[in-house]
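Next up, some structures in structure tokens.
The same chain A turns up in both complexes below, where it pairs with chain B and then with chain C.
On to the complex of A and B.
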């Protein structure tokens, strides 16, 4: 046992002295976490996601409905989502969008109100359409602006048709005589126009999840990137075995009273300790520097132990199949990135559909699932499936690795 | 000139000496592009994800879900209550909408129904989803709203004698309302700049984003790897040996840059072809503009690699830094997530990175069919980066 630990400890020290390795093991995942925090807004107080979408409104209507739409777009409820600028010049507004200065231009044409509501007993004028001039490179932003305008138009249309249907029905049922139709129509139309928003029979009862229900996005993405680079670390561990063989130190080791099994298990222990050390440093650093709280400490420790075991299994399997240290490096990096993609490490969550199922073959998937459960207040019991899956994965992969190592005679005296 | 070509050939030979290089040159970029564009397994959706719990399972609730599914901004997933809550809690969705059971029957009875909608307060995407849901429920319930209003007006004049008479009046109003909505004039028109590419759907935009973003990342990282090549030659003493030959510093650097840039250009062109053939991304509308942008991006990347090479001591150090910097700069440059989703301040600060300018230029190419003139500002900024990086690189370059 002592020899095994000594071999493992030696590998750990050698790799932790290598500044280059530390860049990818510690600096890269931390930098990616901070980068992700910046782009998603998780590190800022204003929150992440779509915000302050620049919109230019050209209100050529300057009447009831045109003004109402401008009011809606500039309403306090949408102030976080939209930054609305009014402009009277259609050409100038379009030029702003052409220069990618705005996401959308909403042009309310002259006579828009008159095309919907009869003015002073006059028949409605020809249809005037609101134009949304959209920026093709900002499809999500323009989609949202379009929805807001369409919602408004829907309410307008509901008011207009509501008035017409009410009058038509009253006339048909004889509740209102024909000669009073115009007067009643005006009354109902005015009332429904004022009630525009209250006509809805389906109401959205909106609430915000409370703070305790919503842990920071960093709680998901920090372990994601730690798991991503854990796969690089375990490949590094497996690489030491082939490096020692190439440089002859493995042969020298075999001349000492140390059995092949001890060397192999020592190498596995070294890889395992390396992964464990990396994950512990990253998780501690994210707690201290980013203020993340990881919940049940015992559950997390077991999660680290089992997830790193599964990752070590992959690292050893890679070493068993590879012929040179260079091969381990290249394939190890490819494995790191692919596992990260299908295991959801790049997004801090589980990938949807078929990719999600493929991802189940990776320690990234299970580790991510475990950390997400912890972030949401889960305990040891909730993590039992994750513990079981990672331990089974570790056992299978390590047994296969040992079998291949023996078959290749890698550790023969 | 022959020296430059000889050095370039030697570098390319070194780079492709192992078969595994093809993994990074073509295989992984291809897999990442296809997965993130949604072509493979429909993964990597760029829309804002929301979850819907449909407890009603009725025609109306089905229509509501279909309307949300047709949205350009949101991607709804219909899940059971527990799974939906778990997805929302895991931050895999920006909002959760619950359609209560009995909604359709209540609506048909003229009653008002509330839908519970919960959004994530730390993510503004919830507000965007709210607008989409508001629009969808408006469209679903407008005929019902009209029937309600009409029945209420009649009731105010004269109460109905019984429930049957009321229901008949309501049904008649509903039918008339639906008919009028069907024939209502279209009051909105969507336009886009005349030179915009014919990209309409969110899916096509996503493919263009994935194609450009992955091209930048997978070319940028190996070109930053020029630093590894330089460190390698320094460590193995081949640079010192070069001093004994009649080769000047600029010749050596030019040779290294030519080799790296050539392989980078070949890789970029292959990824462009993949984008055109497999993802139907309109890369090739203005080949000259495309070439100018690719060359200036390649130059900026290789220049940065050259500069980085003068700061690192060992090849493995250079390799680690290239990968780390490449991934972070790719992320901040909008290559993984669209820049429009970034907080505005971060999007502005990200403009100090060459990856951001490359991404903006490529967006102009794929979305606006930008010509040579429109691409010039982006190419100029990238060439500016190249000059600065090269100056620092040459200034700090040492043979030992």
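On to the complex of A and C.
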């Protein structure tokens, strides 16, 4: 066992001194995650959920409902989620968004309140719609703002319909004379709009939806890219076996009092340790630098251990079938891309249809599934099928690899 | 005293090719024994079987009482192997390489640290111990390559053509280190196709050709096989058909043997001084321009030439 770990540790040191390998193992997946985060706007949020989303409100209405909406957006309950700035100039507010200074501009038009509630005996004015000017690079943030505004409007609509029904009933029962109907309706609507209890319900619902039900897009693509490059790493590990054979160190190892199975398992251990080191570094870095939360730590550690084992199996199988280190490199790169494609690593999810079924043969599929489950609040029990699938995959592939190695006489007596 | 190595009728076949064909010899403790033969003679295959890397087709070898076919792990604990090619990890330093290989030989803790320091001292690389192997010159790499084989203080050291492809200075350094190791009591099995190395280093030499051991003995015993005869080399230049010259020289009464090698005609004669004038006269009459002439006293090459009918470098 000691020699197995010593061989594995040696491999780890050798590869970690190869700058090109380090770039592909660590920098590339991290850079691609950050890049995708910037493109999709997912990096505008941190901590795996959303916080401090900048919003500009232009309240041209300056009346009951417009003020109520501003009050909702600036309420203490939403203060961690939103940073609201008021601005009276629509053009200036749009310019702020165009310069990517804010995630969304909420424009409450003149006469918005009047379009909902009749004012001083006047008829309801023509529709005045609230506009949300969205930042295309911050899709999740703007989605949150939109859902808050929509919820507010739903409450207002509920209030308006409730007022109409109440007034109609009061009129029918003769409790309110015809000439006071408009005034009573306006009072009911205003009271409903100012009802804090309703708004608090709205606030709580919105907050819950944004954090728990919609994890950041990064939570899907970060493991996707890590798994994609994990396949590259294990092919690199498999390559070291053939490189050692080519450079004579494998033969020399066999002249020491070290058994062939110790050497082979040591090489496998090296590949496994390499994959684990890569994934651990990427996960730690994305947690510290991007603020991603990876879910239940114990469940994640077991997921790492089993997924890397399955990937190691593929790396060893590749080495077993290949004749030269160059062959491992080229086939390994093809395998990395193919597995990434069918396993859903490029999209952070499971591919649909037949490709999805083929993807089940890859560690990428199961790893991605596991990480997505964790991102959505899953625990160890939810991951049991993933653990089982990856362990079975690892066992089958390693047994086949050892059989081929022996048959090809890679490790002579 | 029983020998540290006894090779008993060792055979290795690769399909139809017999690489080693019934080789037998033994090595006494404290001896430097050289296997001398041209490329492809079966030297490396023999070393590979003795190192337990290849399974013999038949026969066996016993090293310090352990059979290479049955007790591989025990044999590997007794032997040290210096392969022909440099087998080191280029990304690791000399110290890291020695430490790793020491671990593979079962060393650990302070004993390993001490031994690594001793070997670094022995190979003269203490100052460069922390540098990566890839920054070393070819000669320095060779020294580390040898150092790895010495880490566990083996009773028997196999050195497989350790001077191939290196500069004369490094070659001299390696030959000196072999002598030093032997003086310190180490038994060495050395393979080479350089006659001079075998002559300089060995207590005894085994001459191999085409998988067979064709002669074994001390240098004196082997040269007696060719008597007091001397070797005469006539350099003819490139692309010259030497066959007519060889045919003519064979007819001279005092020419024992004639062969051709590397733009040369090689003759074995009883006395070079007497043979040279008629030989050169014959060449001149046949229109050959002899560019230079070497005369060599009886040596292993002459033995090889006599036994195989060809020069060692063929």
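The working rule: the second predicted complex is superposed on the first by the 247 of 413 C-alpha atoms of A that agree within 3 Å, B and C clash if a C-alpha of one lies under 4 Å from a C-alpha of the other, contacts with A are read in each partner's own complex, and residues count from 1 in each chain.
As a convention for this text, contacts are C-beta pairs under 8 Å (C-beta built on N, C-alpha and C of every residue); 3 or more make two chains touch, one makes a residue touch a chain.
All figures in this text were calculated on a predicted structure; none of them were measured in a lab.
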### Message
Between chain B and chain C, whom does A:3 touch in the aligned arrangement: first, second, both, or neither?
### Response
second
### Message
Can you tell me whether chain B or chain C touches more residues on chain A?
### Response
B
### Query
Touching A:259 in the superposition: chain B (first), chain C (second), both, neither?
second
### Message
Contact-wise, after the overlay, does A:147 reach chain B, chain C, both or neither (first, second, both, neither)?
### Response
first
### Message
Quick one: is A:313 in contact with chain B, with chain C, with both, or with neither? Answer first, second, both or neither.
### Response
neither
### Task
Please indicate which partner A:27 is in contact with in the superposed arrangement: first for chain B, second for chain C, both, or neither.
first
### Message
Just checking: does A:18 make contact with chain B only, chain C only, both, or neither of them? Give me first, second, both or neither.
### Response
both
### Message
For A:97 in the superposed arrangement: first (chain B), second (chain C), both or neither?
### Response
first
### Query
Where on chain A do chain B and chain C both make contact?
18
### Query
In their complex, what parts of chain A are in touch with chain C?
2-3, 6-7, 10, 13-14, 17-18, 247-249, 251-259, 412-413
### Partner chain B, residues of chain A touching it in the complex
18-21, 23-24, 27-28, 31-32, 35-36, 38-42, 44, 46-53, 78, 80-81, 94, 97-98, 100, 103, 115-116, 127-144, 146-151, 153-158, 161-162, 164-166, 168-170, 172-173, 175-176, 188, 192, 199-209, 211, 213-217, 220, 326-327, 330-331, 333-334, 337-338, 341-342, 346, 348-355, 372, 375-376
### Of chain B, residues touching chain A in the complex
18, 20-21, 23-24, 27-28, 31-32, 35, 40-48, 71-73, 77, 88-92, 94, 103, 107, 110-128, 130-135, 137-142, 144-150, 153-154, 157-158, 169, 172-173, 176-177, 180-181, 184-193, 196-197, 199, 202, 205, 314, 316-321, 323-324, 327-328, 331-332, 336-338, 340-346, 360, 363-364, 367-368
### Task
Write out the stretch or stretches of chain C touching chain A in their complex.
51-55, 72-73, 76-77, 79, 81, 83, 85-89, 91-92, 96, 100-101, 103-106, 108, 132, 148
